[in-house]
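Just below sit the structures, each encoded as structure tokens.
Heads up, the next two complexes both have chain A, just with different partners, chain B and then chain C.
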Partner chain A sequence: MIQFLIKRLIGLVFVVIGVTFITFIMGYFAPGDPIRTMLGEHFSPLLYAQLRHAYGLDLPWYEQYWNFLVHLAHFDFGYSFKTQGRPVWDILKDGVPVSMELALWALVVYLLIGVPVGIISALKANTWVDTLNMGIMLVLYAMPIFVFCVLVQVLIVFIDQETGAGWPVANWGEPWHYTWTDIQFKLAPVLVFGLAGAAYFARITRTSMLEVMRQDYIRTARAKGLPERAVIYRHALRNALIPLITVTGVTLGFTITGAFLIENIFNIPGIGTITVSSVLDRDYPVIQATTVLLAFGVVMGNLLADIAYTLVDPRIKLE
Partner chain B sequence: MDMRDREIQPASPLIAPDTNLMVPAEPELLVETPGVIPEAEGPKERKPVSPLRESLRRLRRDKRAMVSLGVIIFMVLLSLLGPFIYQHLGGIYNSPDNGPIPATVYRTFYHQELSHQDELPSAQYWLGTDDLGRDILARLMQGLLVSISVAVLVEVIDITMGILVGVLAGYFGGWIDQVLARLTDIIFAFPGLLFIILLTGIFGTWADTTLSNVPIVGPNGNARLLLVSAALALVSWPLMARLVRGQTLQIKEQQFIEAARTAGSSNLKIIWRHIIPNLFSIVVVAATLDISNTIIGEASISLLGLGVQQPGSSLGLMISEASNAVDTHPWEVLVPSVTLAILVLAFSFLGDGLRDAFDPRTKD
Partner chain C sequence: MPENLLEVNNLKTYFFTRGGVVKAVDDVSFTMRSGEALGVVGESGCGKSVTALSIIRLIASPPGKIVGGEILFNGENILEKNNEEMTELRGSKISMIFQDPMTSLNPVFTIGYQIAETVKRHRKGISNDQAWQRAIEMLDLVRIPDARRRAKSYPHEFSGGMRQRVMIAIALACNPQLLIADEPTTALDVTIQAQILELMKGLAKEFGTALMLITHDLGVVAGTCEDVIVMYAGHIVESAPVRQIFQTPAHPYTIGLLQSIPRLDEKRGTRLTPIPGQPPDLSREIIGCPYASRCPRVQPRCRQERPELKPVGRGEQLAACFYPS
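For the complex of A and B:
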């Protein structure tokens, strides 16, 4: 276990260095001079030189990269190019809670809908219930998430027109507040996001459950006369849910990229929206910060999932 | 594309990451080589047919896959021939703003007919017009052309690079294998869409000015498509390479390879004559499934405003433009969304069908 952890941590360092290097080098070789863009058409050469120095852009690339890493290690993301002198963290800090809230609720929906649907499908395998469930899940799974968003928006518009309900089509309420208006804003994006992920969870749960039901110990449990309910809940289900731990770790990547598109369509002021607008403004320090943060999140998610996996299933030895 | 990374499970905790022997990137894609499919299926009295023909026969019986194939062929024809037919069918229109104009003008994807904004389908505009009075059907066909061209370009790079690196890594191992393993690790950690957003965002304006003079792909705001395709290929080929590597490792141990080596074949000849032909099924299946990711990827990037630029058209761009007015003109957002969904589903279903056809044992 310890050995595995050390190995994984070494791998993690490698990945983080790779990711930071890619982000850094892309910003470094990006065409155009950010300071010139910042200063506009007319500027004094002195101010230009001062700003270049202040942002550390006059150093050779390896020193810039080293500084970038050192600052990252201190959770210092530097200063924005666009709004001169504004710390990057200041820009990100409003978006972080919104995105985390969206992702968390989406994860809840993944599990609350995906897992039961998968179990029901597996227990009723190859009946019409299974076919219907898996058909819906397959379409949800294969469809681009933003198309799903747009279709839901059209549906909301239609309902609003028919009933005069005035349900909001876009935007996000106060983060982590749940008054009725907040819930109205949040319900549609969370459900869309959650259902898209649930489709994946349902497929995995179904496969895993079917696999477990074929095992010898299930036959043993049945043979010794346990009621079917005990066989399913106590013997099958517990084991079938183990792979979901890994899957939950892996879905982090999906959750992040999905959030980019959902935030864009539903006009939610999260990290995704901030990243995309800073990409459009070519505000590299902000882009670099979000990229590194998100990649780090994905890697950590996978690591935690692996550790949880060993804790849950003692048969698995990591080395 | 990249929301689909979820299908790929990098962290199989059963296998330590450094010794990722035989870990296929997509477990569901574990297609056996045609040569090793046991002759379990079918009555024995039939004449023995080649495994490929057997697979195609199975594919033809798969209704969903065949319908999908039909849809894909229709969409390809629509994007290639549709605009000419559509423009040929229209007569002269007496525009209040532009005088008499032929259909080759008003039925283009960029012509703005300001007296016809936000219209529903009519004889003149079969699918209506958008908020600038542009023909939605014409824009849709152009968008399909963009989606399909990007998909083809990306898959060509993906397959070439994937086979090249994957076979070398699997056959020879060594440093190529190490580099490939590290590269896939990074790709897994880095959400693909994020990387493409970065690349297109940073180099987008450069592409606009430099690549807009390239013939055919350059003008009409399509210059960034080359960049988008390159970025999409960049994040997808390591996965293909990993898949090919796993398969190569498996084939390498087969007896016919040993036989070829004993008969004095060189490594190059073994790879060319024995390994690569046996990769056919796995590569075709993976590439077909990857096409839907690629199409979604391009649409996502254009949706975020980083892909095709005005006055060009792309399904993603159409959705993003129309989604601002979803409460007043839902029709305009429905058309590209539904088309995109159908296109993507068709490729997924065809990919699933191919997988089942090439390896019936994966079907549960």
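For the complex of A and C:
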């Protein structure tokens, strides 16, 4: 186990190097100049040169990248271009808890809605219940998330106008606080994000459950005289959830740092919003940092999935 | 107490598929006494497994459905029982063992748990600890060495033969009156086959359990069963005590099956004698004897009328043939 974790952490180092190298090269060769963006229309050439030097942008690309890695090893993401002199971590540290909160609640919705819907569909496979379930899920899954967001916002505005409820259409509230006002802010984005993912989980659960229900050991369980609910919830479900663990692990990483559209549309100050605005501002240090966070999230999600596997499936040992 | 443990009368199990109605079991009748060992023989698709699954009421529905007949178990018609009554019966009075032991056990539960679960289900008021003790006892009986420790193992840690022993342990844990074994040794290699059959036969005798052994291998039947039913295309074509089947087979299909068994005392290089042709398509209406198209002794009458299962004049031997040997 310890050995496995060490191997994974070493793997993480290489993943981070690979991912940051690609983003670095892309940023380096992309047209545009961050200092010019920073200074605006009118600036003195001297100031320009000074700033270039201060940010190390006058160095060759490999030295720039090397410096970045050295700083990263000290958990130092450097300084933002955009908000001059502000450490990157200072910008991110407010976004991380917000994005984690959004992601965790969305994950709860995935599991609490997606998994039961998938099970019901599988047990009623090819009946109208299944068709209706999967129809709704397909719409949720196929609809672009930005369309879904805007639809929900329009709906909220409509309800507000009709009833004078004053439900907020955007913003987030205090992270990890749950007063009524906070809940009002958080409910809509969590549901939108959660339902879109739940649709995916429902489909996977259905497929997996159908597969398991065909297995010989399910027939054995029935031949033993177990009541149907024991056959389903004890013998089938435990096996059907195994593939879901992988999906949950992979999704977790992306969910935390990848809610670009939702965060932007609902104006949520999370990592996603920070990433998008830093891309627009050519704020390379911030882009690099969010990329590292994304890679870290995905690797950690996979790691958790692997550990969870061993708890559920006795055939798998971590070595 | 009724005379027969099991009495199947005119059982019809059909499958309703897009390609038509497949009459997998069509008008099958037979009886079993308590403690008897009955062999059911026939090639793939002849309806032997469907007969077994009908008795334990585990036909996948849809598409399968028992459309006619009755199955009397201890004088009570199983087909009239509701689902709850059936789950009471399964695993306690009637148990079943399946063909492939590699996939018949749930991979995520321990062997001991899977045995104890059955005991716990059917013995009211038994504690978890007592059920576990019974599981260990059963593992001992099916000769799993070091049962106390092995009960905590998972199926993937067991070989195929050992898993089939575990299946036998599960099936017999509640002292059933009837054990249905559907090709229990087909997936195992020959040396293990003999051990498993021996074990199953011995335990069935010890427990006073009637054994219904389904197989396509007449050799398996010879050493294990007292009576034999030969099935073909959803019908019983011959039924007789085991010795008569081998010494004086009456139905041409039985004769064909016996001739197709390779023999040790044959000259080397002798070719096998297969039965030519294929079994009929069960989704089509069959007029006359279902074996007529492959029968070497076919007569015009065979193609027009279906022969009934009748005594052939040698005691208990019955055959569905107009011209039995």
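By our rule, the second predicted complex is superposed on the first by the 266 of 319 C-alpha atoms of A that agree within 3 Å, B and C clash if a C-alpha of one lies under 4 Å from a C-alpha of the other, contacts with A are read in each partner's own complex, and residues count from 1 in each chain.
Here is the rule we use: a residue touches a chain if its C-beta (ideal position, glycine included) is under 8 Å from a C-beta of that chain, and two chains touch if they have at least 3 such contacts.
No experiment lies behind these values; they were computed from the predicted model shown.
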| message | Quick check on the superposed pair: does A:Ile113 touch chain B, chain C, both, or neither? Answer first, second, both or neither. | response | neither
| query | Should A:Ala142 be classified as contacting the first partner (chain B), the second (chain C), both, or neither? | reply | first
| message | According to the stated criteria, A:Asp216 is in contact with first (chain B), second (chain C), both, or neither; which is it? | response | second
| said: In the overlaid three-chain picture, which partner chain does A:Leu226 touch, first (chain B) or second (chain C), both, or neither? | reply: second
| note | Between chain B and chain C, more residues of chain A are touched by B
| request: For A:Pro314, decide between first (touching chain B), second (touching chain C), both and neither. | output: second
| remark: Dual-contact residues of chain A, meaning touching chain B and chain C, are none
| What residues of chain A sit close enough to touch chain B in their complex? | 4, 7-8, 11, 14-15, 18-19, 22-23, 26-27, 30-32, 138-139, 142-147, 150-151, 153-154, 157-158, 160, 169, 196-197, 200, 207, 210, 246-247, 249-251, 253-254, 256-258, 260-261, 264-265, 275-276, 279-280, 282, 284, 287, 291, 294-295, 298-299, 302, 305-306, 309-310, 316, 318-319
| In the complex of these two chains, what residues of chain A are touching chain C? | 215-217, 219-228, 235, 238-239, 312-315
| request: Over in the complex, which chain B residues touch chain A? Could you list them? | output: 2-14, 16-18, 182, 185-186, 188-195, 197-199, 201-203, 205-206, 292, 296, 299-300, 303-306, 316, 319-320, 323, 326-327, 330, 333-334, 337-338, 340-341, 344-345, 348-349, 364
| note | Listed in rising order, chain C residues that touch chain A in their complex are 56, 58, 83-84, 86-92, 95-96, 98, 100, 103-110, 117-118, 121-122, 154, 156, 167, 170
